[in-house]
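Just below sit the structures, each encoded as structure tokens.
Look at the two complexes coming up: chain A is in both, with chain B in one and chain C in the other.
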Partner chain A sequence: MNKTWNNGAWFMVLPVLLIVALNAVVPLMTVVNYSVQETFGDNLFFFEGARWFRDVLASERFHASLGRQFVFTGIILAIEIPLGVAIALAMPRGGIWASVCLVLMALPLLIPWNVVGAMWNIFALPDIGLLGYGLNWLGFDYNFTRQPLSAWFTVVLMDVWHWTSLVVLLAYAGLRSIDDSYYQAARIDGASRWAVFRFIQLPKLKHVLTIAFLLRFMDSFMIYTEPFVLTGGGPGNTTTFLSIDLVKAALGEFNLGIAAAMSLIYFLMTLLVCWLFYTLMMQGSEKS
Partner chain B sequence: MARIDLDHIRHSYLPHPKREENFALKEVHHSWEDGGAYALLGPSGCGKTTLLNIISGLLIPTEGRILFDGKDVTTLAPEARNIAQVFQFPVVYDTMSVFDNLAFPLRNRGMRPAEVTKKVTEIMEMLELAEMAKRKASGLTADMKQKISLGRGLVRSDVNAILFDEPLTVIDPHMKWQLRSQLKLLHDRFAHTMVYVTHDQTEALTFADTVVVMYEGEIVQIGTPEELFERPRHTFVGYFIGSPGMNVMPVKLDGASARIGEQTIALADAPSPKPGARTELGIRPEYVRLGTEGMPVSITKVEDVGRRKIVHAALDGSDIAVIVGEHDPIPGDPHISFEPAGINIYADDWAIVSGAAQS
Partner chain C sequence: MDLSWMAWTWQTATFFVVIALLLAGMRVWEWAQPGGAPRHGVLGLDTTRGDRLFISLLSAAYIHLGWLAATAAPLWWATVLSVVFAAAVFRWV
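Now for the complex of A and B:
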């Protein structure tokens, strides 16, 4: 079969290429530019090669915030994914209550990040906030501005409150798309509730859960506003996650080279994890 | 294996049915004999699947009782009824192998592993699935998946009944024959009570000893394939079974004769329909003779369907199909006559006189 080739078609792609170049590649290149140079006042630049990258990768401060970042992301994924699936399973399958549940679930997703942070800050204040006061009243020694454990507890709880709904909505949509005959066949086959979940619902949810996992991973890995408003990274540096650390380095300390190198490493890590995860999850389905 | 009695079953999908039309299933009162092979035949939406789901327990009927060997199971869940059911579209457990799919219903019931292997291997061989036992079920074709669904229905040997809900819809025509004969073989071997839902008359007539014809939520006739063909109790059975279906034309009854326009046809008996009932005469195309004697008709169309021809003739405004042999001549001055044995008289769609009365 002979296909006619017309390279003129490439010109059609040009506008898109220009837009992508302007909004993604050019800003990224300025970061790359900073990451290999030392900057002084009066716009003086000196080429430093890979020095900032070596410095960042060797820095204990970076290791610590990266560690905190992974722990945080790990915890919220371990809570939000199973919790989201459990809530989706418990939700009514139709009728007015299904709609009520969906609206209630969607509410936290509509609140801006900084509002969520401010809400939880006031909510968790030990002397006036409902949560903070309540916990102390119940006998827990809780003060998120002073105790690292309380701060972590509050940050995790806030994220779970804000984002579990996303997993619920995705899982609910996935569950609704399973044909009734699967459940009927399972009943005829005498399958237990657990077997129905394990062999019908979970396999059918694989794709939406992959999406949910990726979205929650990326989003939580890059979290900034909510913990910044809530704890400001404290007490001490105990809730300073990667992006908070990055902003501190770039705008607080004006270490542009270090911050640029950190940004690029951060970006590549996110990309790598997403790619790895997606490839692994999709491998099975491509074979079939 | 069990005898299944449906005791005045009615079902509506509405929470509070008020009128007769609200019922998807109108009054069904019928017994399925232990070890019988039944076909449930009818057009889409006539209530076949509803009836099947009531037997298996996926639906609880609005009214009436279901008895298995005399024991009331009306409110029992499907798993407690020990019933196997195969659905119209294939259902496989994607993450399991073909073997595990077939073993699933057995393992759920706590059967010993050695026994499971023996049983599953036997069924897999029968359905020619043996060589793909270890493959994952998710990547297979629709044909194969439906074979797995069938296998899961057949693998339990102690079931009260096996229900098939149009199981061969997605299967290739050449494999349909093969699978249907395998099902028949299985029935002969294990003597399960089998109920086979279909809207395909060939499937119904070849699979079953007894065919139950449903129409608009009720059973209109139960009989052997021959009875359905020769003595349709309802005009719907006449239309639905046979190719082409029965000719049905309005008649006026006058003692032991029926009148179609100018023509008079002698009947065996003098039927006595309810006053005001709509009366019709039904005769299958096989029992109409085309020749030079009888009632004059004009021929509108001749269809050649291979070994025979279907002649459409107009008799006083009614279209009548006649089956003639491939080489039979079509007369220039056509007349038709009805074989008395093939004449059925209907009042409001139900048979009141069948040609049988004569012989």
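Now for the complex of A and C:
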């Protein structure tokens, strides 16, 4: 390889670098500074060392919200990824109905988070909402403002409604990019529908599904607005996910040190997962 | 420019300066002794020098957190452990 290396183009990235520095690096540095200090307001800070980190790591409350966060992310991934692939497989391959399906699928993605939360709040109210009233009419004892199980059911259902479309669109795009000759070869070999899925479609979908998985993992791991508007983290603390807990600590209780230590631990978890996925994806693509 | 709202301490400032120096040091190292191309390490990953620095820094963060969670002994031991771990990462990963 005799390419001339000219790194001059990197200077074109400078404006972006400046913006990122201002809106990401500087705030992050401030969070690091907060995480080792105690403040009582008025811009007065007292050095506390690693105390907040110790406190957060030993805190039952943090363990509980972290646990809830992982359970929530696990549940929605286990539902949305297979469901998304199934819907994408069932969608028409072309023609007017393909466009109709795509538009219908894209609709939930266009609705802002707080609106989704408000919609589902009203939709699920046991006395006037269609879902809540309907479930109670059918004989289920359902009240998401009082029962933890109902609240979880509603939050999960809301997320599935809002975000499965993303998986569908990605999987659909992946399916459309598979060359027809694979299907022809499979037909000649007399492959079953399952074998076509297992040995042609699924391997070809690997990359888009990794991206879908990564996006849904990150998004659900950082979820805030929808459950906050829907349940406010309740009943009790049963739907208080990590970000809701973080905002409670930072803005509700003004525990800036604890909140900063929590955000850094949160950030490190996100960073680790991103790195893992990115590495697995890149290594996989180099091998294939 | 007034930076008092950022609530700097000399400890955190040192932390960021060390990271900046590490990045600059990597540049100098590559310039003095090129060899940052990917190689296949013990984890089965192809890593460049930059990747190894990232892995070392991220592991250092987790080692420190683990230390804080597990023991009340001084945090410096976690730092020593992180440096040893980083050396191993640069040697074998």
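Quick note on the criterion: the second predicted complex is superposed on the first by the 266 of 288 C-alpha atoms of A that agree within 3 Å, B and C clash if a C-alpha of one lies under 4 Å from a C-alpha of the other, contacts with A are read in each partner's own complex, and residues count from 1 in each chain.
Everything that follows uses one rule, which is that a contact is a pair of C-beta atoms (placed from the backbone, for glycine too) under 8 Å apart; a residue touches a chain by one contact, two chains touch by 3 or more.
This is a predicted model, so every value here is computed, not measured.
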Touched partner set for A:Glu60, first chain B, second chain C, both or neither: neither
Touched partner set for A:Ala195, first chain B, second chain C, both or neither: first
Superposition-derived comparison: chain B or chain C, residues of chain A touched: C
Which superposed partner A:Asp127 touches (first chain B, second chain C, both, neither): neither
Partner chain(s) touched by A:Ala185 [first = chain B, second = chain C, both, neither]: first
Which of chain B and chain C A:Leu272 touches, first, second, both or neither: second
Which of chain B and chain C A:Asp42 touches, first, second, both or neither: neither
Chain B versus chain C as contact partner of A:Pro203, first or second or both or neither: first
First (chain B), second (chain C), both or neither touched by A:Asn33: second
Residues of chain A defined as touching chain C within the complex: 26, 29-30, 32-34, 36-37, 39, 43, 45, 47, 49-50, 53-54, 57-58, 265, 268, 271-272, 275, 279, 283, 286
List of chain A residues in touch with chain B within their complex: 179, 181-182, 184-185, 187-192, 195, 199-200, 203-204, 287-288
Residues of chain B that touch chain A when the two form their complex: 53, 56-58, 77-79, 83-85, 87-89, 91, 93-96, 104-105, 108-109, 136, 138-139, 149, 152
Chain A partner contacts - residues on chain C that touch it in the complex: 4-9, 11-12, 15-16, 44-46, 54, 58, 61-62, 65, 68-69, 75
